[in-house]
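Scroll down for the structure; my scribbles are underneath it.
A, B, C and D label the chains in the order they appear, each numbered from 1.
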């Protein structure tokens, strides 16, 4: 073994447990004992006296012939720290880009933003496939060298299409599904298979303007800001845990069509940020809310 | 009277009518014929073919012994322009600071913002009185030299209190009522007396979180932005025409108490901007929406 | 030809002159006499008593066999309105998408934003060519069906490359040149040929951090916001009239590399807005400043 | 003493040292061993391999007859953690509101914002005195029950006035000096006495528009955003470590006077945030830059 062989492996630890003294000490002590070098850490507690405690630690582990593998490390952490504190813990060594499917319909803006960032190395994903119920974006996707799959809803049979969708996701061993303005409501059964693994962009500042045609609703109400909301998809339409939101200023001058155009800018940025946070293991879900750490 | 007496009088014209060619030409021609110097003008049409047209013109009129008074000018405008175009028009010469009452409860932030801007000459109002259902802000208001009136709701008799409120507003010949976190719901009869003359600040980004405790609602929903909305009060609670809105970024770290604190900043700025626009005759109401011109 | 054939032509009028009473009346009277239907109008004066007055009017003209052509209309406006008021006026009937060249180097973000908006019908341009001193973006541009021209700086001979650039712009009869992170300084002679027709994006909030490596400068100074500035190119580097600016929040956590990534979002949005305003004839330059009207 | 008497004491730990493995483990282990309950923690490293590491921990210590006092705790931390890691550490138990002097001139906006927040319990300061070189704000300050001291610059003798200023600050045992638009340049000798203890608000987005009349500079340059910067005062005018910045959107419509008015909103918010962060021991200075943790 040469002296240059001492590289380091990136790793992340995510933790949720009932808050009580000693959690950070136990986790950081465990890591320090293995020579880990902390890159960043964030903690959050809903209440220091009996609330829920959340933590994300990013660190580098020494590498070399004697370095423990991920499985051994996880087992040790489970025994020494997680079990005594009653933690739900996730320890990821050498995180791989998550296998991701992007679902779109006809609009290209949110999809393109993700593909651009991905091509520029700004989204740590392994984009396996883009799936759409329309064929309109085939060429757009092809330019990025990503497979495009057209899954039309034949004869209105949404269940059949969803089954094929599920098959394709399984075939690609997908870990994350991103709805980049997919415009189809997924069935509860489908959603239940992907808990906190489907990220959607809703084109309003939720909980304002749930449901269809939010820009028209916003226009009718005469709001002075329009927004977009990225959230995890749950059974309840537009009610899942919110990951990211942003707004843009509008006025009486803008038509519905203008709101749609302005809203696109907000939608794509908000969705990209949410997906980025998910890919960096920076999100913990707590009830119907998220803790989004700086990654 | 000396020859240097040729000063100029500020004036404003507000117009709403069915859109058709020639409106601007007619109005600006009328003013040009009287030597008016345009300071600023804004137009808006909901549709150039048969929609509604809105316009605000700010200008200066020549003064002197032969200058027409406001009444004569209005009559001439009515005959020459407004009637032929079927306009609703408002012509104000030498606009005076509107007689204003501010209603508050216990919280001081929105009230103080208004009083501070007013004292600094940034709000063109004649603040006649501050009225509260509590006595908590007496000293705060006294420091600004503004009369403070305590109108408690004795024995839960809201109607009686509202009657005294109305009396006081009448006694001061009030033109504008500002609800600076007044926290009381005004009766439909009261509201009907003040059409588009009551400005309220609601502590959420409407239409999200109508009703009580919006910051708690926002906390429970886990939104990533909180907001405030200034609107005209109508019979329908939190449903009146929106004048101004803004938001502030929050995260999982903030408690309800933090949201309240952060929200105050947004509330007071948004209310002050809305009141400023109203005082400058820069707002036209169209259905349940506003046209807010740059003043 | 049937009576329903009465279509309308879009047109725009831009005016700058010494401020005095009657300008709006004269211009709107001229248009009303020709049956024009005002779509929007904006005015600005640096001082109503002797300052400079700026105006943009967008309108629709009646069409048909008797409708005057653009030349006749311009001549009439010149004689009846522009000359009497000493105006610099520009009257455009049936505005065509301006022939545009985009210059880039290796970075694709600003270029892609423009091409994407253009493909979506959000930029009213006729993008004739993308020109780069590097060959890196050839495929990216090809996907949009726009000609890509590689003009390398051979042997450091910038003058020769600039001559070929000018030839190509002339061959395409280009009206607008957009520097989408072109990274080359254009010669004063070149710039002089394109007064207020070259739009650049500078990756800082000017006048902070002029010159090279502004993100590194921003990092070193420890600013809490980074920005981008779109401006017309003049002889003086980074000193031309500013068209649009925006910022993004950063903190001690961000490295220079992070600032570059975050800054891209701001750069592309700001550049796109500036180009959009230019294409809509919504910008008037006054000294070293711009008047940017709502289009 | 009953068993219910077990209250807890708030405490904060701030640390800066060369980065290496084990720092968080050592510090959190020290605290856990004393039963501390972590409220929040933030870390930052300029480079995990040999950079500088910064940390802030907020926690609660058990109280009771056997609880160590602040001195004993500091000595133990110094011996067990700080010295082995070569840390600069600050440990504060039962943090008191810092004794604060606010210096102002004639403008009241930044001063009032601080006093309002302080009266509302939003600034954890002990505001001992407001000092001004003018007498204009005496009544404003009196309304808050805070002593006002008028220290005019008699006959232009700034040194004499500064000596009296220093005397007064010493008499009040002041810990923090806030320049709320004080408009006087403090001497290097004075500044040297208050390292990272003088917070100033500069009315521009530094480093743009250093020096005098920044709003006029901004107007002349035609920027589309104006800003404000709160920073620690150092010998070099407008060059100290930046704590907080924000901006507001402006356009060609605004006069210098408008910029001043709009800028006030930004100035007072930015200054208040910076002072709040300082009072919460949330700022660490590193070279000429700050690390500002979420408090």
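Keep in mind that, in the parts below, a residue touches a chain if its C-beta (ideal position, glycine included) is under 8 Å from a C-beta of that chain, and two chains touch if they have at least 3 such contacts.
Worth saying up front: this structure is predicted, and the values here are computed from it rather than measured.
In this structure, the chain pairs B-D and A-D differ in their number of contacting C-beta pairs, and the larger number is found at A-D. Using CA-based centroids throughout, the chain positioned farthest away from chain D is C.
Its interface matching that of A-B in over half of the contact pairs by residue number, C-D stands out among A-C, C-D or B-C. For the pair chain A and chain D, the distance between mean C-alpha positions equals 36 Å. Annotation: 43 Å between the Cα-based centres of chain C and chain D. In chain C, the residues that reach two or more other chains under the touch definition are 40, 44, 253. By the touch criterion given at the top, residues 40, 108-109, 112, 116, 120, 122, 139, 143, 253, 261, 265, 269, 294 of chain C touch chain A in their complex.
In the complex of the two chains, the chain B residues touching chain A come out as 44, 205-209, 221-225, 227, 241-247, 251-253, 288-292. Across the complex, chain C is touched by residues 19-26, 28-29, 31-33, 35-45, 48-49, 60 of chain B.
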